[in-house]
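Order of writing sets the chain letters: A, B and C. Residues in each chain are counted from 1.
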């Protein structure tokens, strides 16, 4: 499975580079994801979600390099994609892949959301065409002929001078800059490599730990995902052994110690 | 005669005139007004005339034929077209089709925070507060304004194409499905 | 086609248009313009139409047919006609205190485009062009009119209370405060 994924990966990477999509400011994470999906004109009915995830992350990286705004929403979607990717990397029994699984639900909801979003994007295009047409049509904003404007009701009827002054005063205040306290927002700086080291440390500390135990310390969804990926990686490298006594039971993890 | 009266009223008015208003000023019945308006509209609709009659925001108003906009702009101070950003258009589309709607609901559909875009649309008068939601905290509900209808040449919201017409085509939907399969 | 263009120009123009001006905007010769104007005039001259074309000092201009003046007056006198919008009031307030001021400067203060609002204030006679700025492109400078002074019972602009003296009352101050905190 792992092999499969990486094969697709490399194919997609070469292909993608030839597209050379211009980096623009995307109207949000769905916009970016849609762009990636729809520009991938290659007919691969089994393009793994991993490929989309990789591309998406690559974009975020380039957006950051170009100092484009990467808001937290982009990162949340990235986390969701990574989550789907990591689930997809696990060997799954056929019957477990049945509908209604968590993975299935997440993916269905993401697909539904993208389709909804695309619908509104199309509606926005329609509005654009209408607005453009209307902006070419000029109404008549012309003073009334004098004989009429004399008898016309006072346009300022009911407006007091004090009202006008209040308005002027308010409008001429220096614009308050709505500063948002950003001290609680920080960049997530931990890499998978660091998590791998951390997991190893904790396993050295105590030779056997459960999966639940290892993930229990995670503060955020993305951290949990990183720990999970770290465990997968360690397992692949053969550095840890994983065992599970029964279905849905605790997953025990221990270091494969070469010295022992 | 009634046609002439209505023509002169539309000519001096600086806002769309509703059928009710035209009834009130002319003392004529609804049917007569509607027939006269239709006649004026048809006469002006040959595509070559300088003026067109359009129903916007619940009333009728004369506009210049869009075909001649280049000349009109040469004469009057060319209004730098208030081109809306893609973000503003998307937000406006969501509000137009889902109103009344809260800020958070718009954010959820667009996948990003819409605070500043929404504030800008309110400042431009295209979107307005229309009430409070019953949900906890009673968030403000937003809807589109008459200025919105006028700016996009719409008689009323019913003139907007149904949202179903904008569903992504089959190929797009298939692509989305396919690419998110693991 | 030329007839249509001229119709649209006459429709939006605030003043009589001379043949020379029409030549300049359309790029057509004097004879072509004159022929087109004559055609428009004849078409509108059947006595029943709402709009008539007249040659007045300085050029040609559309007027409402005098036959229907009673109806036009009734419309103009109806109370809700010509009421100022909030956007118009704000624009007026800025111009009153910052005149002479360009359109772009007003936009900057209000944070939105003011094109149509400004045209409307000029049309209502509250604001007028008072000169050209020295800046590149020599944008038009706007100021308030005598009608504006009269409406507020002011002898001259010097009688406008100074803005500095004016500080918001407690409630307004509290509102702003609350705004900043939320």
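The working rule: contacts are C-beta pairs under 8 Å (C-beta built on N, C-alpha and C of every residue); 3 or more make two chains touch, one makes a residue touch a chain.
The structure presented is a predicted model; accordingly, all values stated were derived computationally and were not measured.
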Central chain (by mean CA position): B
Starting from the Cα centroid of chain B, hunt down the chain whose centroid lies farthest away. A
Can you check how far apart chain A and chain C are, centre to centre, with Cα atoms defining each centre and the answer in Å? 48
What is the distance in Å between the mean C-alpha positions of chain A and chain B? 32
Whole-angstrom distance, CA centroid of chain B to CA centroid of chain C, is 23
Please list all residues of chain A that touch 2 or more other chains. 138, 140-142, 144, 148
Using the touch rule from the top of the page, what residues of chain C touch 2 or more other chains? 8, 11-13, 72, 76, 81-82, 111, 116, 119-120, 123
Would you mind writing out the residues of chain B in touch with chain C in their complex? 1, 3-14, 17, 21, 24-26, 48-51, 62, 64-65, 67-68, 71-72, 74-77, 79-80, 82, 120, 123-125
In their shared complex, chain A is touched by residues of chain C numbered 8, 11-14, 63, 72-73, 76-77, 79, 81-84, 89-90, 92-94, 96-98, 109-111, 116, 119-120, 122-126, 151-154, 160-161, 163, 166-168, 172, 176, 179-180
Residues on chain A engaged by chain B in the complex (per definition of touch): 27-31, 34, 37-38, 40, 44-50, 52, 71, 73, 77, 84-85, 87-88, 103, 107, 110-111, 113-128, 130-142, 144, 148
Of all residues in chain A, which touch chain C in the complex? 138, 140-145, 148-149, 151-157, 159, 161, 163-173, 175-176, 178
